[in-house]
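These are the structures in question, set out in turn.
In the two complexes that follow, subunit A is the common piece, with subunit B as its partner first and subunit C second.
Let's turn to the complex of A and B:
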């Protein structure tokens, strides 16, 4: 592949690189490690004890991603045409790819569409929030007494880096899979599934079902939160000169995409296991 | 020639990722089952007799269910591979 630049672009690139190197050298001795890593800003709300603590960053970022997705969906619907534009073609490819996967895995035909809605929604939300974890932005940390604003020394805080989000989705998938199973088989047959080989296996089956959301949610949380902390450490060690971009790209885009895909695939797999007769 | 080698390598690495995913899945399943069993036992024990008998029982149950569900995962993968080979 041959890359060619115009004169203006060359000048812009050179200036950008000079400024970048200058800031990097100026920063070299000055940057201190961002305070309050691993601590979460929490606000106490006058509600019963389980609902009494709020993570404002997670809530804000969730709302932001939701509004981006809704805006995209509305504009996609408005500009639908028979000859697809680039954007429409890209979205159609992603949707049809997941739809084919769901069609292959789910054994009952009438549950293909509901499962597709669930898994696709999960995939889009988690994918977008993971991608935000690869873009430098503004985040809020907590030092011992006060809040600290990290301006572009960290990525945007991704909602999937908070275990609460992931557990919510994993538990939701658990409930959805069992509701689908009850709908398909009837309550009695569904109960029989728990004493599948013989009644001795009842506690094992229950523990196995309860363990599903645990592994489902912790896998995503570990990848995103661990990646974020590792990037922060390494980029501090390199004084934000050249490493962060590569690492932000790797952990945000590559690992983020794979984990979003794995999460929705597992959701489909858990639902299909419950729908087997 | 060079292109072929690269293709082969990438195919192998994809297979490697697939296989390591199976191992990872097995490990995660076993550990999460044990953790859930332990947690259930701990809280049931705390709320009932408070003498650590239920904790031990549920840890054992969690271990057994971890092995059971892990074997299920492995058997599923094995059945899939067998089906693929039969199709060939």
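Let's turn to the complex of A and C:
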């Protein structure tokens, strides 16, 4: 394969490499160990102890992602037409992909739409927050005694890198699946499901159900938060010369997309398991 | 302001839950419902088009069948007409033949009659001519010497021959 560049491309590439190398050399002498690693900014509000602590970054980023999604949705509805534009076609492809998946997996037809709503919202929210985790942006870190503002030396903080989000969503999926099951089978039959082959299996079934949200939430949390910390450490070791861009892109776009898909896919699977008779 | 370990579980979760349901509500309202309605509409449109196409196909097939039947009928008619025409032509030919034959026969008859008439006429004329000739001859002979008896006899014979020939 022969690679050829036009004049403009050559100029762009040269400038890009010069800037990249310049930033790397500029950074080289100034890197100190990221002391705030493993710590997050928290604020206290006058509420009982567990509820009184908030992670402001997570809340802010959640609001940002929500506004992006709602803006997209409103513009989708406003420019809706039978013959789709490019934007509409792209959104339609994503939506119909998940919808087809839900339609295939869910055995009861009347639960297809609610499941689609839940899993699609999960997918969009998690996907967008993971993608933000792959783009350099502004974040607030914590040093030993004070806050540090990171201006484009780190990615945007993603809400899925916070355990609160993941655990909440996983537990919510568990509750939703059981609520659907009770709606479908009735309370008595649902209770019977726990002693399904034999009453001896009751503790096993309960543990299995409780293990679901744990693995569900920790998988996503580990991937996103662990990815972020790994990038930080590797960048420190390589003195921010060349590593972050590639790794941010890898963890944000590649792993992020896969994990968002896996999370919503597992949500669909857990719901469909509860709906099977 | 304070900091905590990054693996934590606190009040943020309640906010996340609330925000999730708010997001889901808004997305259902602005994204999913219109999307599903669009899908349904598109499916219905396609189904309607398909039905239309099917109906027109059926109609075309029916028309084709009808046309074929009509064609068959027409063919039969044509063949019947052909037969009839053939019959008529045959009849006409026969008639014509008969007519021509009879005409020819008539003409022959007529010709024969005419010939006979002509012959008769000619004979008549000849006879008159012969008679006059004979008279003239006779007068000439008589004018000459008619003494000879033998000559007279011969003449009479000749005359009688003429008479016989008639």
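Criterion: the second predicted complex is superposed on the first by the 258 of 277 C-alpha atoms of A that agree within 3 Å, B and C clash if a C-alpha of one lies under 4 Å from a C-alpha of the other, contacts with A are read in each partner's own complex, and residues count from 1 in each chain.
What we mean here is this: a residue touches a chain if its C-beta (ideal position, glycine included) is under 8 Å from a C-beta of that chain, and two chains touch if they have at least 3 such contacts.
For clarity, every value in this text was computed on a predicted model and none was experimentally measured.
Looking at the shared chain after the overlay, A:207 reaches subunit B, while subunit C stays out of its contact range. Once chain A of one complex is fitted onto chain A of the other, the partner contacts of A:128 are absent, as it touches neither subunit B nor subunit C.
More residues of subunit A lie in touch with C than with the remaining chain of the pair subunit B and subunit C.
Of the two partner chains, subunit C is the only one touched by A:159; subunit B is not.
Of the two partner chains placed by the overlay, neither subunit B nor subunit C lies in contact with A:180.
When the two structures are aligned on the shared chain, A:219 is found in touch with subunit B, with no touch to subunit C.
Within the complex formed with subunit B, the residues of subunit A that make contact are 201, 203-205, 207-208, 210-212, 214-215, 218-219. Interface residues of subunit C facing subunit A in the complex, by the touch rule stated above, are 1-17, 19-20, 22-24, 26-28, 30-32, 34-36, 38-39, 41-42, 45. Within the complex formed with subunit C, the residues of subunit A that make contact are 36, 38-45, 47, 50-55, 58-59, 62-63, 66, 69-70, 72-74, 76-77, 80, 82, 91-92, 95-96, 99, 113, 116-118, 120-121, 124-125, 142, 147, 159, 161-165, 167-169, 172, 225.
On subunit B, the positions that touch subunit A within their shared complex are 28-29, 31-33, 35-37, 40, 61-62, 64-66, 68-69.
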